[in-house]
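The data blocks that follow each hold one structure.
Common to both upcoming complexes is chain A, partnered first by chain B, then by chain C.
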Partner chain A sequence: MITAERKPLEEILAYIKPFKRILLLGCNECVTVCAAGGRKEVGVLASGIQMSMLKNGTSIEIREHTLERQCDPEYVEELLPMIDSADAVLSMACGCGVQQLATRFKDKPVFPAVNTKFMGGSDRHGVWTERCQGCGDCLLGLTGGICPIAKCAKQLMNGPCGGSARGVCEIGEDVDCAWHLIWERLKALDLTEQYLEIMPAKDWRPGGGSGPRKIIREDLAE
Partner chain B sequence: MKDFEPVIVAFCCHYCAYTAADMAGSKRLFYPSNVKIIRVPCSGKVDSLHIIKAFEKGADGVYVAGCLEGDCHFKNGNDKAAKKVAHMSKYLEEIGIEPERLEMVRMSAGMGERFAQVASEITDKIRKLGPSPIKAAAA
Partner chain C sequence: MKTESNLEKVLSAGHLAVTSECGPPRGASAQTVVDKAKYLEGVVDAVNITDNQTAMVRMSSFAGSVLVKQQGMDPLLQMVTRDRNRLAMQADILGAYALGIDTMLCLSGDHTKFGDHAMAANVHDIDSIQLIQMVKGMRDEGTFQGGAEIKGVIPKMFIGAAANPFADPFELRVMRLAKKIAAGADFIQTQCIFNVEKFERWMEGVRKMGLHEKCYIMAGITPMKSVGAAKYMKNRVPGMDVPQELVDRMASVAKEDQPEEGIKICLETIERLKGVEGVAGFHIMAIDWEEKVEEIVKRAGLYPRPQV
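Moving on to the complex of A and B:
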């Protein structure tokens, strides 16, 4: 999932200060799962904004709504009956959702209420860690299902560096050495011969760096 | 300010604080009528939204009363509630509401005296803090 965290209230308030009526939008997908921008978080933020404004002697009209998915145009169309009655939109979706709204409603200021962080998974309740950097050329099949691109600070391709000690990375005691994990996993799977194969220098081009990446499925695209 | 009577919302776990409140009543113990009790099946059931809405709707103080450490009927709902309260205290600070207005307390079902004592102490504390800045601004 794409993870996110709510922005400081002060920053959000500065964005919406010039407006009288805002549409506060949540998203039912990733940001709901990582408790950053789902229906509940929309309610908590709306109350926080209302109270802050009241305390500062101002007021604002907030309409709350949560879309099934903010990154798909089909769901964004659902906003048509309510968009005209808002001066601005405050989105609690990831950056993809915010941009989808800005593209669809060209005359409406759109602001993010969360900081989009990374593609990750849940370690335990309330803890999410980065798992994928979208390198565009997945090598998990060679590394026992553990990604050295996302999990190794140096993104090494062939075993650990000298900063690995007792399975821990030198950058922090709470950071596992990705290559230690890979080795342990390959051992458990009886696939250690994979470890001995030297991987060539990675081609980073599929990972971006040449403008926005795009996928076109000829069978689906109209 | 002199006549200020705070409105305090107490989310009380069915298995401890709510029963303790019942016991306080049976024992004819005094506790302030400022405390409005909302029974919840477990303190862990209390949501951030419940807490924030209580303040938005005019509460001067809110507390969540859960079971003693290790005594949760549902394993660890009380500990989860404590974390939620700590998290919401920081949010209250961001909004500009004194975080002292929100508290987590723990007691067992047999602690009628403690329920009455906590209710009185929190009411006194909120009385000293004065009306919630939200209520004051809305007035």
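Moving on to the complex of A and C:
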């Protein structure tokens, strides 16, 4: 999933200060799962904004709504009946959702209420870790299902550096050495010989750097 | 001979080679580089010029190497993949060779977290093994990493790499060396050896795979200046393995005698490693103690350096 964390309230308040009527939009997908911008977080943020305004002797009208998917044009159309009655939109979706709204409603200010973080998964309740950097040319089949690009602090493709100790990366006790994990997997799978294959210099083009990447499925695209 | 490198000449003639290092200054003084390097003149076969070591900005390894070359000495250009992409690195390799630098060391580099620019991007377009491959491709195939042909003079670098026998997982460390050699490493400079017994176990594995016959392995040696330095390396430097008994030994002598005790330990290590099959030389890293290298080389019986 795409993970996110809510922005500090002060930053959000600064964005919406000039406006009287706000449409606060959650998303029912990834940001709901990582507890950053789903229906529940929309409610919490709306109360936070109202309380803060009350303290300062001001007020704001907030309409709360949560879309099934903010990154999908089909669901964004749902907003048509309510968009005109808002001066600005505050989105709790990831950056994909925010941009979907900004593209669709060209004359409406749209602000992010979360910081989009990374593609990751849940380790345990309340803890998420990065797993994928979207390099566009997946090599997990060669590394025991553990990604050195996302998980090694130096993105090393051919084994652990000299700073790996007791399975921990030199940059911090809370960071696993990705190559230690890969090595343990290769051993468990009886594939240690695979380690000796040199992974050549990576072609980073599928990972971006030439404008937004695009997928066109001829069989689906109209 | 693959190159004109003095280090290659010494090693291929079967001598125990000696290298040491000179860290460029955190300023633009050429004289500082020259002064540091002068301690090593006639004492070593090549002088490593570090590349933004510990991720702190310093005068470039390239410029430092040129300054050392101008003194008539043999620089060993260190290059880390942390700071530059493959275009920049190949450009420097061409430039360095054009200015008479023919020996280099391929490294990934310390993480930016440890330096004074922790906010900087870690580039890592390629890793150290891919850097070795790239330098070898330039030398042996006459091609750039992207596939195009190098025009005119081809940079013929004697290619070095690092190995840390003390990092984990230990069982992988010999295979990692094998991979560096398969990529094209001609020589290796190891991490500082304090745990000699563990190094010997690693060398056993190296010999079992016949890697000592494919590559020159230079043992990394660092003299400890004080018990404080010993403790610091034991506890604070990633990838270092300083046994407690060495710390205790340093602590057992008076403060003013600790430098000499550190030198003694380092000489004993060199003596013991001379007897280890596959050790082709010594890389003496006297951190901020360059002036002691001559004494160490002489007392270790590694002087005079062979003229080849």
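FYI, the second predicted complex is superposed on the first by the 222 of 222 C-alpha atoms of A that agree within 3 Å, B and C clash if a C-alpha of one lies under 4 Å from a C-alpha of the other, contacts with A are read in each partner's own complex, and residues count from 1 in each chain.
Note that a contact is a pair of C-beta atoms (placed from the backbone, for glycine too) under 8 Å apart; a residue touches a chain by one contact, two chains touch by 3 or more.
Predicted model, so just to flag it, every value in this text is computed and none were measured.
K.L.:
Using the superposition on chain A described above, determine whether A:81 touches chain B (first), chain C (second), both, or neither.
P.N.:
So A:81 meets neither chain B nor chain C here.
K.L.:
Kindly classify A:211 by the partners it touches after superposition: chain B alone (first), chain C alone (second), both, or neither?
P.N.:
neither
K.L.:
Of the partners chain B and chain C, which touch A:141 in the superposed model: first, second, both, neither?
P.N.:
neither
K.L.:
Does chain B (first) or chain C (second) touch A:177, or do both, or does neither?
P.N.:
second
K.L.:
Tell me which partner A:167 touches in the superposition: chain B (first), chain C (second), both or neither.
P.N.:
In the superposed model, A:167 contacts chain C only, not chain B.
K.L.:
By residue count, which of the two partners contacts chain A more extensively, chain B or chain C?
P.N.:
C
K.L.:
What does chain B use to touch chain A in their complex?
P.N.:
Going by the criterion above, the answer is residues 47-49, 52-53, 55-56, 91, 94-97, 133-134, 137-138.
K.L.:
Looking at the complex, which residues from chain A come into contact with chain B?
P.N.:
So the residues of chain A in touch with chain B come to 8-10, 40, 43-44, 47-48, 50-52, 54-57.
K.L.:
Could you pull out which chain A residues touch chain C in their complex?
P.N.:
It comes out as residues 153-167, 170-172, 177, 179-180, 183-184, 192, 195-196, 198-202, 204.
K.L.:
Would you mind writing out the residues of chain C in touch with chain A in their complex?
P.N.:
Residue list for chain C touching chain A: 82, 86, 108-111, 113, 122, 124-130, 133-134, 145, 162-164, 166-169, 172, 175-176, 178-179, 182-183, 191, 238-239.
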